[in-house]
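In structure tokens below, several structures.
In what follows, subunit A forms one complex with subunit B and a second complex with subunit C.
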Partner chain A sequence: MFEQIASSVFTTAFLASVLRITTPILFAALASVISERAGVANIGLEGIMMLGALFGVIFSAWTQSAFVGVVGAGLVGVLIGLMMGWFSLKLGTDIILSGIAVNMLGAGGTIFLLFMFTGLRGNSAALDSRMIPALEMHFLEGIPVLGAFARQSILTYVALLCVFLVFVLLYKTPLGLNIRAVGENPHAADSVGMSVRKVKYIALGISGFLAGLGGAYMSMFYSRGFTTDMVAGRGFIALAAQAMGRGEPLGAMLSSLLFGAADALSHHMQGTALPSQLVATIPYVITIIGLSLYAARTIGKVKRARKARAQTATNA
Partner chain B sequence: MINSDRLLELKFSVLRGLAAIFVSISVAAILIFIISDQPGNALFQLLLSPLGNERQMWNILERMIPFLFTGLAVCVMFSAKQFNLAAEGSVMLGAFMAAMTAIYVPMPPIIHPIVSILVGVITCGLLMLIPALLHTKLGANVLVSTLMLNFIIQFCVQFVLVNIVADRSQGALMTYQFLETAGIPAIRFNTSYGLVLGLAMVVVVSLFIYRTRWGYAIRMVGLNKEFSAYSGLKVAGIIILCQVIGGMLAGMGGAVEMLGFFDRFRWRLLPGYGWNGITIAILAKNNPALVPFAAFFLAYLSRGAVNMTIHADVPFEMMDIIQAVIFLFFAAEKFLAGYRQKMVVKKAKRELGEDLPAKKGG
Partner chain C sequence: MRGITKIYPNGIAANQAVDFSVRAGEIHALMGENGAGKSTLMKILMGLEQPQEGEIFLGGEKVSFASPQAAIAKGVGMVHQHFMLVPSLTVAENMVLGIEPKKHGVFFDRAGAVALTKEYSERYGLPLDPNAKIADISVGMKQKVEILKALVRGAKILILDEPTAVLTTRETEELFKQLVILKEQGFTVIFISHKLWEVKQITDRITIMRGGKSMGVHTTAGISEQEISRLMVGRDVMLSLEKEKAEPGGSVLNVRGLNYTNQWGNRMLKDVSFTVRAGEILGVAGVEGNGQSDLVRILWGFESPDSGSVAFEGAEILGEPQSWLRELGISYIPEDRMVYGAAGGASIEENLISDRAWGKRLNKGPFFNAGAIRKECDDLIKRFKVLARSRGQRVGMLSGGNIQKVVVAREFSAGPKLIIAEQPTRGIDVGATEFIRARMVELSRQGAGVLLVSADLAEVMQLSDSLIVMYGGEVVAYFEDTSALTDAEMGEYMLGLSKQSAEELGRAAHD
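Now for the complex of A and B:
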């Protein structure tokens, strides 16, 4: 059985499925990076992805354009992000609680909204929505590793590009400097005249946009159309990916790939003798283990640093 | 003086709560007018029909039962500011463990349901050690680890259900029937004595939180973790304690719901009561004594939403939107802050006005 798994894992097809599965997690993980760096824990990503998935389908069906669908999904994400900002920054709702509320909207609210806009219950199969096209690069087929890129969605490339863009935004632009300053010490940022609230609003808006794109990918490429609970915890896994990636865009990408690989592995093992329900737990178990290992390492570092400091203090 | 300040504060928080409920009902009304061909009927079904007859009223009480337990569970954990979201998974696991005991371990009546519930309670208490210890020993984020834990529980229960304990003679996926000794008897209609247990737990948890040193420690950790540690509290122990208690309460809720309402275990997916528990804890402002009122309110709305789905043309899921809106406004500490300011200023002016002439006279 293990040879069977091993032989299916080290193939271009497996790598391709890892990329396909990682894309929505990567979008959400980058969304989490931006908000986290501005000092806002956005746990509503799951709900924003659900709403993005729904509105991507609805907009694309109305306009018959996949592009409008994707951008519309992103804008819905921006709106939700700003709404969370309004509640937590203006009205004082705990940001974690407003995130949970957004997740409720994403769970039951999307079913209601789907019915309200289209009269359909539970899934959008009867809706003539557009799909995001794949970028066909036949010349890559047959080449090991690179072959995995031969038939990926355009949004997968956008996601990879976003890793770079988020890095540039955070480290090479004035806005990024503001975001990091606000996240690290809002009082200091405030004292030099930055509008902490404005920066947090912007971060939540960008975060919502990225999560919305992740949602659109789910309903417009990964699956054909919207179904109930289709995001299935990817928004939460993205939070873990961000935490494991230490809030860095590149780190978030690497941990997203790890979770993507775990999920792809569970798909590949569906046909084997292992029971499918247990295999389905793999990504979640790996998330908990990864999170704990990362957190433990950080604590260890802090302790060592403290010890070293104490040592130098006694020496002096 | 202090009393009148408190009264003002109380008056204001009641007012704010009513305003939040009013906003959410208005949102519901707007949605109903958009979606429904018979908005009057739909609104009637949602808001008034649960008062229709005795059966409806008992149904509200029946729906309250799991809400009571998960509401209490979340209250205890949120009191210490531990955003543990595994109440959801605990309900499912507690229900499943109780169901297993109810099917496979014969026991005399009365003892059987008690033992089955305890099995659920203990399993979920132990379960919560996982996120609690990962947090206190390794520093892993509780929020994320408990969200993951919910999915793991769901799939593991599915695994056992599908592969080991399913009753193959049935068309749908379910276990064998519970032994007759295991059920919790009904007070009336489908409302089981679990309601009494739930209300008893409200009293127990309220006393625990407000009248014991452990409860005091939990609230202090919630107010200021660093200060609690500085003043000698064992913060890690308290963080573990409150999550274990939360897990036990949620597990009890699942077990009671399973034995009181069902005769076979047939949940494939997480039941959602854990999330309701968070709404209830927010409505009750983490005060266990207020949980029954919040649970009643939510149960009333959910019965109304069911009636609305059956007798009018609005889907039940509107409930989630109403819940989210209540949630956002209720937890909004600065909602109507401007109005509160006015109230305080007005009162201060009045008091000054009363004081000044008195001083002149003196």
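Now for the complex of A and C:
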């Protein structure tokens, strides 16, 4: 049985499916990186992705343009992000509560919105929506590893590019410096005349945009059209990926790939001798193991730092 | 600054018609005890607070600062006691926060930031590594970053709020050299401090504040340390309090040879020894930050000392949990009542029974005995005159004085043999203050020992039967009888001008 699994895992096809599955998680994980670094816990990613998935389909059906659909989904994400900011920064609600509200909106509200805009229930199968084209690179086919990139969605490349862009934003621009300063010590930022609120709004907006793209990918490439609950916890897995990646874009990408791989593995192991229910738990078990390792590491680090400080104190 | 008056919404007049003027290119000390109004005055100058009355002139021009940014724009910069830095960013990045140099219009110009930092650090003789992370550098270095941050933003007047409180002796000396260099380059420095020798060493003139009023401006060379101490330390109002003479019994708390180094490596307690006897109030006087709060934190088990012993009725209590200390009969009124004293979101009733909720008296099987609890709480509320709608009211909704009464009601009604009272009347109204003081005296006359730690000189001198004074982490004076003490005498000990002999201090132990 293990041979069977191994032979299916070490293939280009498996790698290709990892990339395919990772893309939406990666978008959301990057979204989480941006907001987290600005000191805002955006737990509404799941809901934003759902709304992005819905509006991507609706906009693309209306305009018959996949591009408009994707950008529209991103802009809906921006709107939701800013709305969360308005609730928590202006009206003073807890950001976690606004996140939960957005998630509920994403779960129930999308069904209502779908019906309102299209008269359809449950899914958008009857809607003539566009799909995001794949970038056909036939010359890569047959080459080990690289072959996995032969037929990926354009958005997958955009996601990989975003890892770089988010890195540049955070570490190479004044805005990124402000985001990091606001997230770590808002008083310091405030004392030099920075508008903490404005920086957080911007971060939430960017965060929403990325999550919206992740949603569009779900309904415009991963599946054909919108169905209820189609994001299926990816927004939360992305939060875990961000935490495991320690808030770094590259780290978030690696953890997203890990979760993507776990998910792909569970798909590939369907039909083996292992019970399918057990196989389906793999991604979630990996999430828990990953987070435990991450927590253990963090605790260890804090302990060491405390020890070092105690050491210097006694030496002084 | 002319005729500045600031009355806070809670009715405390922090500044009353204060005149304060600083000449360009001088180091000007602003001295005063805690609560004298120094911070408020500087907050007004920095645009953090708005005065009710008064005007500010800067170089002859009338100005008013609605925000810190407005003050910074006019060249006033402040180095806060708590640094306003982002730990994971580098020195250079912190330096340019909010005024980042740009490259190609969009990118952050790191090299530019480093160059700017280098340039300022060399020009003003404040050596720094621009690429070091704030988290990795020493407190003294962080302070330099803060000073440079103000200079980069064009500050001509630098306000330093107790800059030496966090520094080691060597770092302090270094800072002084740098301040002199800044002065020579034409900068004006306002130096907030209550350490006499520092002020004597580097300042040109001194403004002394007391009780929200200015006690005048003096040239540093023309005023003696004794004179400063007399102007700084003094009592304004005496509340009346009848107190029988104490008849101290046996020792309750024996503190011997406590040494303590805090997490930043500063020695906060040096060989502290004293004894609290039953039936007396032992006061601990001193300017804040001289080890009193560290002492209390150790006594109440929040910190462990480097060495020394603390014995309650002869048994060592260091390292024991707070629940056991309470079991033994020790009560604690913490300085920060909303953090350690009471739970703001819980009801008066819940706060009152929080130390005795497990007791048989208040329980019936696995459940609370609601009737007994109600009776107990109503009784306490009445006895301690807590003004509240009902015992179910949330403590956070009460006034400061009433919150403190809730804390005191719980602590005093636990039948304590020893009470550790830390700033028990800080920031509360006169009525509650008098009430709490009277109860404290009453308990001590019934045989409890009281350790009263207070920065309020009037309070310690009036309430204490005997008194120790702390300065620089040491006990510098012990008075077995406080009735003949004068403010001037106290001031000299509190500001470190005098110290008793080892023999005199040894009497505090009552061995």
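By our rule, the second predicted complex is superposed on the first by the 313 of 316 C-alpha atoms of A that agree within 3 Å, B and C clash if a C-alpha of one lies under 4 Å from a C-alpha of the other, contacts with A are read in each partner's own complex, and residues count from 1 in each chain.
Heads up, the rule we're going with is that contacts are C-beta pairs under 8 Å (C-beta built on N, C-alpha and C of every residue); 3 or more make two chains touch, one makes a residue touch a chain.
Every value quoted in this text rests on a predicted model; they were computed, and no experiment measured them.
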item	value
Clash or fit (per the criteria above) of subunit B with subunit C on subunit A	fit
Which of subunit B and subunit C A:F236 touches, first, second, both or neither	first
Which superposed partner A:T93 touches (first subunit B, second subunit C, both, neither)	first
Subunit B versus subunit C as contact partner of A:A181, first or second or both or neither	second
Included angle at subunit A between vectors to subunit C and subunit B, based on C-alpha centres and rounded to the nearest 10 degrees	70
Touched partner set for A:G142, first subunit B, second subunit C, both or neither	neither
Partner chain in contact with A:P133 - subunit B first, subunit C second, else both or neither	neither
Residue contacts on subunit A - larger count, subunit B or subunit C	B
CA minimum distance (subunit B, subunit C), superposed complexes, angstrom	5
Doubly contacted subunit A residues - partners subunit C and subunit B	none
Subunit C - residues contacting subunit A, complex	68-69, 72, 80, 83-89, 93-94, 97-100, 102, 106-108, 110, 149, 153, 168, 261-266, 306
Touching residues on subunit A, where the partner in the complex is subunit C	168, 171-174, 176-178, 180-181, 184-185, 187-189, 191-194, 309-310, 312-316
Contact footprint of subunit A on subunit B as seen in their complex	31, 34-35, 83, 85, 134, 138-141, 143-145, 147-149, 151-152, 155-156, 158-159, 162-163, 275, 278, 282, 315, 317-321, 323-325, 327-329, 331-335, 337
Interfacial residue positions of subunit A with respect to subunit B in the complex	41, 43, 87, 90-94, 96-98, 100-102, 104-105, 107-109, 111-112, 115-116, 121, 233, 236-237, 239-240, 243, 275, 277-278, 280-281, 284-285, 287-288, 291-292, 295-296, 298-299
